[in-house]
Every structure is written in structure tokens, then in C-alpha cells.
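Several structures are given next for inspection.
Below are two complexes that have subunit A in common, paired first with subunit B and then with subunit C.
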Partner chain A sequence: METQRNRPSPSKFWSWFFPVGRQTGGWAYVLNRVTALGLTFYLYLHLIILSKLAQGPSAYDDFLAFIHNPVYTFGELLVVAAAFLHGFNGIRIVLTTFGVSVTRQKQLFYGLMFIAIIIILIFGIRMFTA
Partner chain B sequence: MSETKWNIILKIYRQKENEAPHYSEYKMEVDPDEYVLDAVERVWAFMDRSLCFRHACHHSTCGACGMRVNGVEKLTCITYIRDVTQDGATLKVEPLRNFPVISDLAVDMGSLYCRMDSVGARPVLPVTEAEIENPSNKWNPEDAKYIRLSDCIECGLCISACPSAATSSGYLGPAVLAGAQANGLKHDPALLELVDSEDGVWRCHSAFECTAVCPSFVDPARRIMNLRTQIVSERLSRLFRRKS
Partner chain C sequence: MTTSQLVSSPKSGENVWLWLVKIITGPLLVILLGIHLVVNHFIGTRGLLTYADVVAYFKNPIIPVMEITLLATVVTHSLIGLRGIILDLKPSRTVLTVINWILAIIGIVSVSYGIWLALVIASKGA
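Here is the complex of A and B:
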């Protein structure tokens, strides 16, 4: 009688990113998923890059010289940003889990994201001026 | 009620057995101070008798008329049209998510009711346990003989709004975990194994969407967090009891 369509299912993971009607906590949830996926992708990329070492020091040095340009530096900044946004969002989850600031989780989220963005900006300035 | 009239298009999700879902549109004149449920009922009364939806009390006590209004979970009997649309606009009404559709806007809430039973959620409580509006320290012990309806009206809005509930059919869900928290692990230690599990409190990933949509001040997210604290302290005290 009833339809299957509206049942919960792992294949509905896309709905995690559906923006309509989201509250602050929902956006924090989306941010955590996006940054986690980005960091996981980077982990594999990092392992592939490290495998260059197996081809000898000069191959690795050549590769480092190749990626020494603003596009790759921006990519590295994205990794830094994902790490800090994910980490500080994680602090929100740990604190609220133990009853700290549960009724003020929005303010907690904004405060932590503000700190994360300041740190990301400092990293960005240093990375592009070094 | 106001003298003002708005012309809106009510766009309603339709799906009968073995039918592909689609939307039906109904042009109608409404008073912006009517409720969304009034408009849905008028469609059924004057335009389309095949429209299926659930409702009963019309004053936010039965929890039957939960729907998604423009993508957001609402109890339609207390949602003013004025608050969710404007003159000349389209108002989209859909069934709750994460519950199987029986027909059109009516969903099968059986899983919620069964799970509420499984955690022993109480429909009435001693007034002394009313947490939010009246903290327990304001009551005298003898007041415990008076009872009140529990805050949760089992409308399912929180489960529809929860992103974790969308991908896990086994997840107990916010209302059920809130029901377990209201009982307390000290009062009902048997609940520990049920809520301290993959599909219990740890499935919640702190989106707080449940609290945002709850029409009845249950604040399920706060209760889930409190239940986690109860679990940790219960586990620790069991560990030390075993060692001593």
C-alpha cells in the first residue's frame, strides 16, 4: 500500500546537502561533511604525491618545483581551510555533546568559525607572501 | 481574520499507490490570516475530493497535520499563510520526509509510535518533571500527584527534518531519544543498551534541525546531548562498580 520512495535510505546522502530550510546547525552539519570529504580526498592525493619519493630524490625535487606556483598554493590553502573549519566545527560538537552551550549552539558555531577564519587568513597571508 | 484577500497557487504533492509522484496546482483566494491547513482542507472540500491528508484537532495537540511547507517542516494547523508566502506566490505543500507515503500528504507514522513505545515514552508526566517552563526546583514534592500531558505530540517533524534520519532507517530519531531522556537512565536502566548504540544517540551529528522545527518546545537536540552525558556517567559508574 505505502510507497518506498519516502523511506530513509543510505542513497539519500545527497539530501545532506539540500539547502532549503536549513538552520544554522544544519549548515554546520553540511560544512562538516563537505570539509571531511575534501580532507579525505586530499589524504589520497597526498599519498600519491609521496609515492614520487619512490622514484628518487630528483624526481621529488622536480615535482616540488613544478607545484611551486600560486594555483597549487591556493589548493594548499583550501586544505588548511578545510582542516580548521572541520576541526573547530568538531569542537562545537564535542562541547555540545557534553552539555556545554547546547542552548547557544548557534553563537558557539559563529564564534568558532570566526576564530577559524582569522587563522585561515593568517595562513593565507603567510603562504602567499613567503 | 482580516479583510485582505490574497490569490495564491497551492502546489500539492500527489502520489497514489503505484503512481509516480507529481504536483497538482490549485488557484485559490485566501485570507492571509488563515492557516495552511485551512487552505488544504478547502482544496479537498471544494476542488478535489481525492486529496488525502491527515488532521484532527486543529490546535497543535494531536500532531497529525505535520507537512513540509515550502520545504520546511510545519504543523499546518498553526502555520499562518501570511508567514510562509505572499500575494500572487506559490505555496508548496509536501508530505513529511523519512516516513513512507501512504497517499498524497498522508505518511505512515507507525515506526515513530512503535519506537516511542520501545523507550517507554510517557504521554503524561507528573507536573514536577516539566523541565523547561517550570524547573523542578520550583515544585513541592507533593505536587507530583498532579499530571500533565508530555510536551511531545508525536508529530514527526523532527524526524523529517533530521539529515541523519534520511539515510538510516534504523536510527531511533530525535523524538524517541527525547522520550528516553525524559524517562532517564537512572529511572529505567534497561534503556542504556538501546540508546547507547549505533542507531541511538551516537547517530546524531548535531545538526540541531530537530529543535528548530519542533512546534512543542521539546528541544530534542538538547535532550539528546543530555542523554549522552547520562550514558557516559552511567557507563563510568558501572565500570567502577564492577572494579570495586
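Here is the complex of A and C:
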């Protein structure tokens, strides 16, 4: 039932973000999809921006100096967080696809998210204090 | 609820091989992207944060190979994933054919560009 209800269609687009009545599996699904879209957007932005490396040292270093402030650092931390949340949620998807922990998905999900959050905190501390 | 509803499987209209590639590139990305993020944020005092840092990092020939592998894997995973999301919007066969071509071109251009860029950076340190 839950899988059916959370399966999106154009008319149900906003229901992805509607929190009431959603179970853990539904939240995992929304998390996977929202981070997927964010990471895809960032990936191609990242590739375009890296062209500054081909323009030489001053172009690249000037750009890095420009983004070296708390606002952009927070943005970068969001990307790092999305990567680890998507990756660790993905580990659950791969494991269960191959028959591992299928009946204990909720525990697996919470455990993996806990590890992801610890890693994100370590990155956050490093990025804001280094 | 049956087990098949609880685990990942190809969507209707999704090629089983594409789905399998997405599933297999996932764990590979956890490793490659994990290394990429740790290197870029934890090496040295602040991570790889200058042009000189990046050029020095690319001096080891393993690094361009690893970064190009990461790029090809992440581009493949992202485009198959994006196609899966688009399939949920139930495109017509014609629209899907156009989307397939657009995604394939984005993939080929991105990876070619990335290989060129990695080689440019590697050549600066040579």
C-alpha cells in the first residue's frame, strides 16, 4: 500500500513533500529522490565550474577566494550531506535488492542514517574550522 | 505485502540492464566519492584548496585514472537515475526517445570533457 501511495505522478508531485501519514519507507524514498535531484544539479554545475582549472592558476584561485565564506561553505556542506545521505540510503537499497536485511529495513535505514549523520558532522566541523 | 514490493526493481519501461548498472555503480560511488570528498576536505591544512594543490595531487598517475573513473561512474549513475525519475512522469514513446538521446549526449560530452580536463591538469604537473 505504502509503495503505491508514494509512487509519484505529475499530479502527485507535491505529495512527495507532504509529511502527514508517511511511513519510514516513504521518508527514505523522498530523501533518496530529493538528494538525487540536488546531487545531479550540483554534479553538472561542478563540472562547468572546474573549467576554471584549465584557465590557469589565477582564474581558479580567484574563484576559490570568492567562494571562501560561510554562505558557500554551508552550501558545500549541504552537497556533502546529500552525498552521504543518498549513498548510505543507497547501501540499504542495494543490500535489500540482493536479499540482505529485507525484513529489517527500518533498522538498517536508521543505522545507516546514524552513521551518515556522524560523518556529515565531522565534515561540517572540518569545513567550518579548517 | 510481498517481498518484491519492498525491494528495488526496474520500473515499468526501465531496461533491466540499465537498472542493474545503476545498482552496481551505487556502491562503487560510495567508495570513489567517499575518497574524493575526504581528499578534497581533509588533505593538508584546509584540503585541496589552491590550483597548485590540485596540480600536485594529479602528479600521481593513479589520481587522474581514479578521477576519470569516478566521473564516468557518477555521470552514468546520475543519468540513469534521472531517466528513472522522468519515467515516473510517464512520457510518451516519442518524448522518451528524445530524452534518451539528450541524456546520452550529456553523458558522452561530460565524460569526454572530464578526460580532457584531467589530462590538462596532469600535464601541468609533468
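Assume the second predicted complex is superposed on the first by the 108 of 130 C-alpha atoms of A that agree within 3 Å, B and C clash if a C-alpha of one lies under 4 Å from a C-alpha of the other, contacts with A are read in each partner's own complex, and residues count from 1 in each chain.
Please note the rule applied: contacts are C-beta pairs under 8 Å (C-beta built on N, C-alpha and C of every residue); 3 or more make two chains touch, one makes a residue touch a chain.
Bear in mind that the values here come from a model prediction, so they are computed numbers and not experimental data.
When both complexes are overlaid on chain A, the residue A:V71 reaches neither subunit B nor subunit C. Which of subunit B and subunit C touches more residues of subunit A is settled by the count: it is C.
By the touch criterion stated above, A:L50 is placed in contact with subunit C alone, subunit B being left untouched. In the superposed model, A:V102 makes contact with both subunit B and subunit C.
When both complexes are overlaid on chain A, the residue A:I93 reaches subunit B and subunit C alike. By the document's definition of touching, of the two partners only subunit B reaches A:Q23; subunit C does not.
Shared contact residues of subunit A, touching subunit B in one structure and subunit C in the other: 1, 3, 7-10, 25, 93, 96-97, 99, 102, 105. In the complex of the two chains, the subunit A residues touching subunit C come out as 1, 3, 7-10, 25, 33, 36-37, 39-40, 43-44, 47, 50-51, 53-54, 56-57, 60-61, 64, 68, 80, 83, 87-88, 90-91, 93-94, 96-97, 99, 102, 105, 123, 126-127, 130.
Contact residues on subunit C toward subunit A in their complex (touch as defined above): 1, 3, 5-9, 23, 26-27, 29-30, 33-34, 37, 41-42, 45-47, 49-52, 54, 71, 74-75, 78, 81-82, 85, 88-90, 106, 110, 113-114, 117, 120-121. Per the touch definition, subunit A reaches subunit B in the complex via residues 1-10, 12-13, 15-16, 20-26, 28-29, 32, 92-93, 96-99, 102-103, 105. Those residues of subunit B whose C-beta lies close enough to touch subunit A in the complex are 15, 17, 21, 68, 70-73, 95-102, 107-108, 161, 163, 165-169, 171, 205-209, 211-212, 219, 221-222, 225-226, 228-229, 232.
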